[in-house]
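Scrolling down, you'll hit the structures one after another.
Each of the next two complexes has subunit A plus one more chain, namely subunit B in the first and subunit C in the second.
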Partner chain A sequence: MNQHGFILWWDRLVAMTIKELKQLIRDPVLLLIISYFFTVDVYMAGSGINLNLRNASVMVIDHDHSAASRELIYRFRQPYFDFKGEIFDTKTAESLLDQGRILAVLDIPENFQRHLLQGQTVAVQFQVDSANTVLGTLATSYATEITAGFSQDFAAKRLGPDSGQRASLPVIQNRYRVLYNPNQIDGWFMSISELLTVTTMLAMMLPAAAAVREKERGTIEQLAVSPLSSLQILLPKVISMGLVILLGVGVSLFLIIIPIFDLPVKGSLGLFFTVTGLYVFTASGIGLFVATISRSLAQVTMLVILLMMPILLLSGAWTPPEAMPQVMRWAMKISPLYYFNEMSYAILLKGAGLTILWDSLLGLALLGAVFFNFGVWRFRRQFG
Partner chain B sequence: MNLTRVWAVTYKEWREILRDRLFFAMAFLLPVGIFMVLGYGISFDVEKIPFAVLDRDRSAMSRDFLHRFMDSRYFYYQGHVTSERELDPLLANSDIRFAIIIPPRFQEQLLAGQATSVQSLIDGVFPYRAEVAKGYVSAIIANFNAQSLASHLAGTQGKSREQALAQVAPLRLESRYLYNQALRSQWSISSGLMMLVLMVTPPFLTALGVVREKENGSIYNIYTSTISRSEFILGKFLPYLLISSLNILILWWVVMNIFGTPFKGHPFFYYAASVIYVICTAGVGLLLVRTQVAAVMLTMVVSFVPAMLYSGLLVPIESMAAATQFESHLFPTLYYLRITWGSFLKGLGWKELWFDVVALMLYAVILWIAGYMNFHKRPST
Partner chain C sequence: MGKTALVNENPVIDIHGLCKSYKKKLAVDAVALTVKRGEIYGLIGPDGAGKSSLMKAIAGVLSFEQGSLTVFDVNIDSEAAAEKVKGRLGFMPQGLGLNLYGDLSVEENIDFFAQLRQVSPQQLSERKEKLLTMTRLDKFRDRPMKNLSGGMKQKLGLVCTLIHNPELVILDEPTTGVDPVSRRDFWAILAELLREQGTTALVSTAYMDEAARFHRLSLMYNGQVLADGEPDAICEQAHGCMVELTVESQPEALGKLKPHYPQLEAIGPKVRVFVDNLALDEAVSVVSGHLDGLQINSIKAFDAELEDAFIALLRQGPLAPKTGKDDSIPRFDKPLPDDKAIAIEAKQLCKDFDQFRSVDKISFKVKQGEIFGLLGANGAGKTTAIKMLTGILPPSDGEGQVAGADMRNAAQAIKERIGYMSQAFSLYLDLTVIENIHLYASIYGVSRSILKQRLDWVIQIAGLAEVTAQLAGSLPMGVRQRLALGCALVHQPGVLFLDEPTSGVDPIGRRHFWEILMHLASVEQVAILVTTHYMSEAEHCDHLALMYAGRVIADDTPGNMIQALQDEAGQLLNITTDQPLQALALLEKSDFKGVALFGQHIHLLAQDRDGAEKKIRALLDKESIKLLNLSADAPSLEDVFVYRVLALENQEPG
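Up next, the complex of A and B:
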């Protein structure tokens, strides 16, 4: 291509991109929805979802009424548990559990204190409503910790002062460090996860909508007779929507996630935006394919939502790859969101750079090339 | 209300749905699709956590200790490393999510009756998983400690191992998991997802149906016809109610047969409650159809967020702030989730759940009145 030809090609591309942007700006409802996704939606996901157990209501059947049993009950307190009082028979306990009024019942047997003092092992029963397994698991885990603490203190008291010095006993002390999110703030994970999901949906939806709208209104015929190549028709749609999405990601990151959830960005933001750009490009390839097989916006929406599901499932956001069956783990390798997900958390939370992420980046780039070319090829066959 | 007219609209709508092949297929595929993806995609079982080991002691005891992790189904051994620096890239690349570092002189100190410490590094990107993993690690170490202490006491104080064990760990917690004995997260999630999917898809389908009428301009035929507002809304709505009622059965089947969740309640009670719930959620679709097609997306958002966040499916209601707890009682999802879990896992019926059913009925009535007020035969232009 000579220089003049290239300038002409470039000018047309720019003109079309500006046209797409203008068209978007003149659709206030769509703009509103886009900004809703990047701000309110991300905020709600980050602040609303909290998977820690707080104030789980627990009641006690105390058959012993001794100093030891009171001491144990006293340990079931906030922030994890909320002690709601005593009940006297299992019938009441069952009906309260059935109705979901309380989460757990602690049952302390008779002669609890006496047996403890005699040096026997005593078991207390903890009945927990595990209809919701997250709650059931956490409540049991905290209760186990509480009883273990009680047990240890009691043993220490009985073994006498010489065992008070723990260093003289052969035990392993567990020194754990939670990396990347030391205070285990749910908002970090949730808000980023929501941002990635929103980005995926819009990156597929917006270019597809822009393309199918031309079809619906019949303006596609005008474009087909204009001196534009299919690439010149499609690329501006991807570029303009990509710019809007990158802007949205920036807004979401700098106005919502970083200031509100105090996310410390460990890695390079430049790399993150490069990866996001590449990802938008990949996802829009899928979107263009959707646009070629549907006739109306309603169909586009349905197909996008349908496609979103396997993409989300295979992204590894909620279920990490190691928890999946082997077949699914192979399938994950063709889900673009899987790479995007890995890289986003690695860059933002773990501070990873290109040396670690090059293989994911390569995978995403390859997928992007394949998907985008496929989308353009389908479009060309339809209108070229 | 003239039932012949209602029937005419219903029949027309049904034919339209049947003729739009893509829509018809979607009406049944979409709910099941969302269901399968979320059912398999959201799993809170924390198992096979990949981990690596840095063993600075390399003794019989450290190997015995590490084998407790390797043999556990909760952990998945990925190999040894020789220096701490090797762990960072492995963790950063998510090749491992947990690392354990054993100090030098581990065995020597334990045999000498002294305390030692191991360090565990846990990937905290997903806090819930980190929390559960932490619990597993503490449990394994506590178990090791109890045995180590018991044999130490047995050696120094001349007691039997059982006595020594009772002395170091006098209290034991026996947990009984009610309603879900094996703690399978798929049981709770799959049944809970009935609530989510039936919240999201019915309004979506209704909204698409009404929007189609407006897009095609055929709504003007309705405006000029003798049909009354309530007749039109009812007639329009019945086919979608039928589709959603069938979807309840399909999803129910999937929950029981593909996810293996038991159903302990009363089938008729649950089906009736589900239909009332679907009337509510599809009614949401009638409310939202005034705007343009982009509103379809809005429908998804408006119904998805409360269903995810405020229903108690993922976020325990007790853990919410007081204001959020109040908010969560404003959405029908909370009541239906109680009915669902109550019916599937707890085996409850009308006697225990009547309040939730009445709440849903109230919702249905309010939404219907709002939908009626919202639809005008004389468009304001």
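Up next, the complex of A and C:
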């Protein structure tokens, strides 16, 4: 391409990009939606969703009413459990569980204390509503820990403070060293995860919407007979919407996640935004493909929702790859969000740099090239 | 004019002082209107004249602020009152097939509307068969609505509107965007229903030449009724007449007449001018006087037709729209192309889609400076032909060149050299006028040094100076189309492709638009290829090609086409009787060609005028129908179109 040709090419690209931005600015509804996702939605995800057991309501059937049983019940307390009171028969307990009013019921048998003092093994029953498996599992494991702690302490007490044997009682103490998120603040993980999800959705949706809108209004025909190439028609949509998304990510990071959730950014923000830019480009390729097979904005929306599901499932955000069946682990390699997830957490929380992340970056770039070219190729076939 | 038997004095719709406004804008302004039983009443006027609002108010789906509205003797002053008459009327809103469901089949659509209207199954099957046969849709009953052509969609819309046998049908622009053959079909069906059931119809249209189809009509503009009455009476309300002439030098004649006559138009080689306040012979001599010294080849005066009368009434009345101060159209700043050069050439072009041949070996040539009209029904292959010539669609076979570039291997060069304007709405409605022009200037690589100058030029040529900062979406259709044309001209192309550029634009807007086209062709030697459904526009073309089922079936000048039809089928006879509907039925059964109802009159084609008159008189006498008048005229282009297409349709089995 000679110099004149390049200037012309550049001018067209700029003109089309400005056109897209103007159209977006004049669409107040779309602007509102974008702002909502990058602010309110990310905030809600970071502050509202909790992965720990918090204030799980528990009730007790105490057949013993002894000091030991009170001692055990007392250990089911906040912040993990919330003791809601005593009930007197299993029927009531079951019905409360059925209604979802409480999460768990602790059933302490008669002669609990006597048997313990006699050195016998005593079973207590812990009924858990495990409809929500995460909560159910957490409640069970916390309860196990509490009863284990209780029985250990009780045993120690029974042996007596000065029996001299206490020191010889074998005990393993767990010493955690929590890396990267020392206080295990869920807000960090959740808000970043939501930000990545929102970015994915908008990166597919916005360029696709811009493209399909031209189809709906018939302006695409006018562009098709102009000297613009398919790339010159599509690239400005990706560039303009990419800029908007990068701006949104910036707003989300600097106005919500960092100030509100006190996220300490460990790595290079420059690298993070570069990765985000590349990711937006990749996801927009999928979006453009969606635009070629849709006839209306409604169809684009439905298809993006459809595609979001597998992309999220295969992202590794909720389940690490090791826990997936082999087939899914292969499929994850073509999910762009998998790479984006890995790199984002690594950069923001672990302070990782290119030396560690180069392979993920390469993977994302390759996927991006494939998806984007496929989108443009489909479009060209349609509008030649 | 005599009353027909079916039209009695009982008014179906009676309106006084009706007003409707949207926020601050007054859409309907003190309208008065009376529609009698059995009438086809027309509402004619440009986009935004208030026709749709008025029709919706009558159909009881739009509230209004002031005035009285009586339908079937029920005063529509509340929603409850509107509900009372809804069962007796049918309403078809504007837009091709907008009230239908695209994924349902023809039959399913009809059944759905019948269920809505609680038509009993027996009545439904009876009426459905009859209406489907009448509309010739019975072959397509299982086809999904979205796969029908525009004309078929409108016919299906009509069937769905009529399925509950309403006494009054309200049809909002049923023929916009529909080709002439389907349009005629549509009117024929309506006329037949009228005859059989005594249905009353209120119909709006943007086609002035359809005015003759109405018994009475109201001309609307800016929410007001400009004139109402029978079509002929309205034409008389515009004081003056038309003078048509041909001269040696058309541009010179236009220059001389322009200062004296605001309503001046060039049609092919002819010049037409509306002369205010003068009788026919006076007008001829006065116009000849203004042409002093120019060689006049022919000159004649005649009474104005509705389109001219409408514009004259607007001009003469208090509602006169602002005219541009500077009417002169600026010149290209590019060297003129050679006027003998071939700008567009198609040789045996073909396009196949799967099994279906959309364009079948079409050939034609367009020279620089020529306006070439491509006519044809919806689906005849016009748009596909244009897409191939503009380089969007590769041809399956054949060759062609556009603006000196071979369409098979130089699509990019073609795209840079041509201007293209597609069917309505091809603009960015959320950008302003100047932003739209600017965008296309950048796309077509207008260099920065001349950008400002070029933008000014486009604004002037398209007459957009007053609206540059407005959003394109806020403009009326006529102005939008001029903007689209301006955008297509921003790189001053030597060849221009226009695909139904004036669909849905009102007569004044269309006239302005064509003035620009004529200027581009005659002064700048731009070659223009245009498709249109308005046959009155086709007369502006230097050359026409008529397409049918992917083939070019006629290719000639408009004059020659009319002459050929006249040689083949004869003259157009305009017949007036005291019982037009009965006479129509009678003549349709006879062996006359092209029988159609136009309001109170019947048109047909006949070779030998005197012989035909005798035969018609004998036919009518038998049924004791009185022949009031019979006159002969040259057939119009629409007659040519309909005749040629129907001849081919009838040849084909199925």
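Methods note: the second predicted complex is superposed on the first by the 372 of 384 C-alpha atoms of A that agree within 3 Å, B and C clash if a C-alpha of one lies under 4 Å from a C-alpha of the other, contacts with A are read in each partner's own complex, and residues count from 1 in each chain.
Here is the rule we use: a residue touches a chain if its C-beta (ideal position, glycine included) is under 8 Å from a C-beta of that chain, and two chains touch if they have at least 3 such contacts.
Keep in mind that this is a model prediction, so the values were computed, not measured.
Student: Quick one: classify A:L354 as touching subunit B (first), subunit C (second), both or neither.
Tutor: neither
Student: Answer with first, second, both or neither: which of subunit B and subunit C does A:G136 touch in the superposed model?
Tutor: Only subunit B is touched by A:G136; subunit C is not.
Student: Once the shared chain is lined up, is A:R26 touching subunit B (first), subunit C (second), both, or neither of them?
Tutor: Second partner only.
Student: Look at A:L247 in the shared chain and tell me whether it touches subunit B only, subunit C only, both, or neither; answer first, second, both or neither.
Tutor: neither
Student: Touch check for A:T219: first (subunit B), second (subunit C), both, or neither?
Tutor: second
Student: Which holds for A:A15: it touches subunit B only (first), subunit C only (second), both, or neither?
Tutor: In the superposed model, A:A15 contacts subunit C only, not subunit B.
Student: Count the residues of subunit A touched by subunit B and by subunit C, then name the partner with the higher count.
Tutor: Of subunit B and subunit C, more residues of subunit A lie in contact with B.
Student: So, does A:P227 touch the first partner subunit B, the second partner subunit C, both, or neither?
Tutor: After superposition on chain A, A:P227 lies in contact with subunit C alone.
Student: With the touch criterion stated at the top, can you tell me which subunit A residues are shared between the subunit B interface and the subunit C interface?
Tutor: 27
Student: For subunit A, which residues are in contact with subunit B within the complex?
Tutor: By the definition above, subunit A touches subunit B via 27, 29-30, 33, 36-37, 41, 44-45, 48-57, 72, 82, 97-100, 103, 116, 119-138, 140-141, 143-145, 147-148, 150-152, 154-155, 158-159, 166-182, 184-186, 188-189, 205, 294, 296-299, 301-302, 305-306, 309-310, 312-313, 318-320, 322-323, 342, 345-346, 349-352, 355-357.
Student: Tell me, which parts of subunit A touch subunit C in their complex?
Tutor: By the definition above, subunit A touches subunit C via 8, 11-12, 14-16, 19, 22-23, 26-27, 217-219, 221-228, 383-384.
Student: What residues of subunit C sit close enough to touch subunit A in their complex?
Tutor: Residues 390-394, 411-412, 415-416, 418, 420-431, 435, 438-440, 442-445, 448, 471, 487, 497 of subunit C touch subunit A in their complex.
Student: Across the complex, what residues on subunit B touch subunit A?
Tutor: 22-23, 26, 29-30, 33-34, 36-38, 40-50, 65, 76, 89, 91-94, 97, 109-132, 134-135, 137-139, 141-142, 144-145, 148-149, 152, 163, 165-181, 183-185, 187-189, 192, 208, 211-212, 215, 291-298, 300-301, 305, 308-310, 312-316, 318-320, 324, 338, 341-342, 345-346, 348, 352
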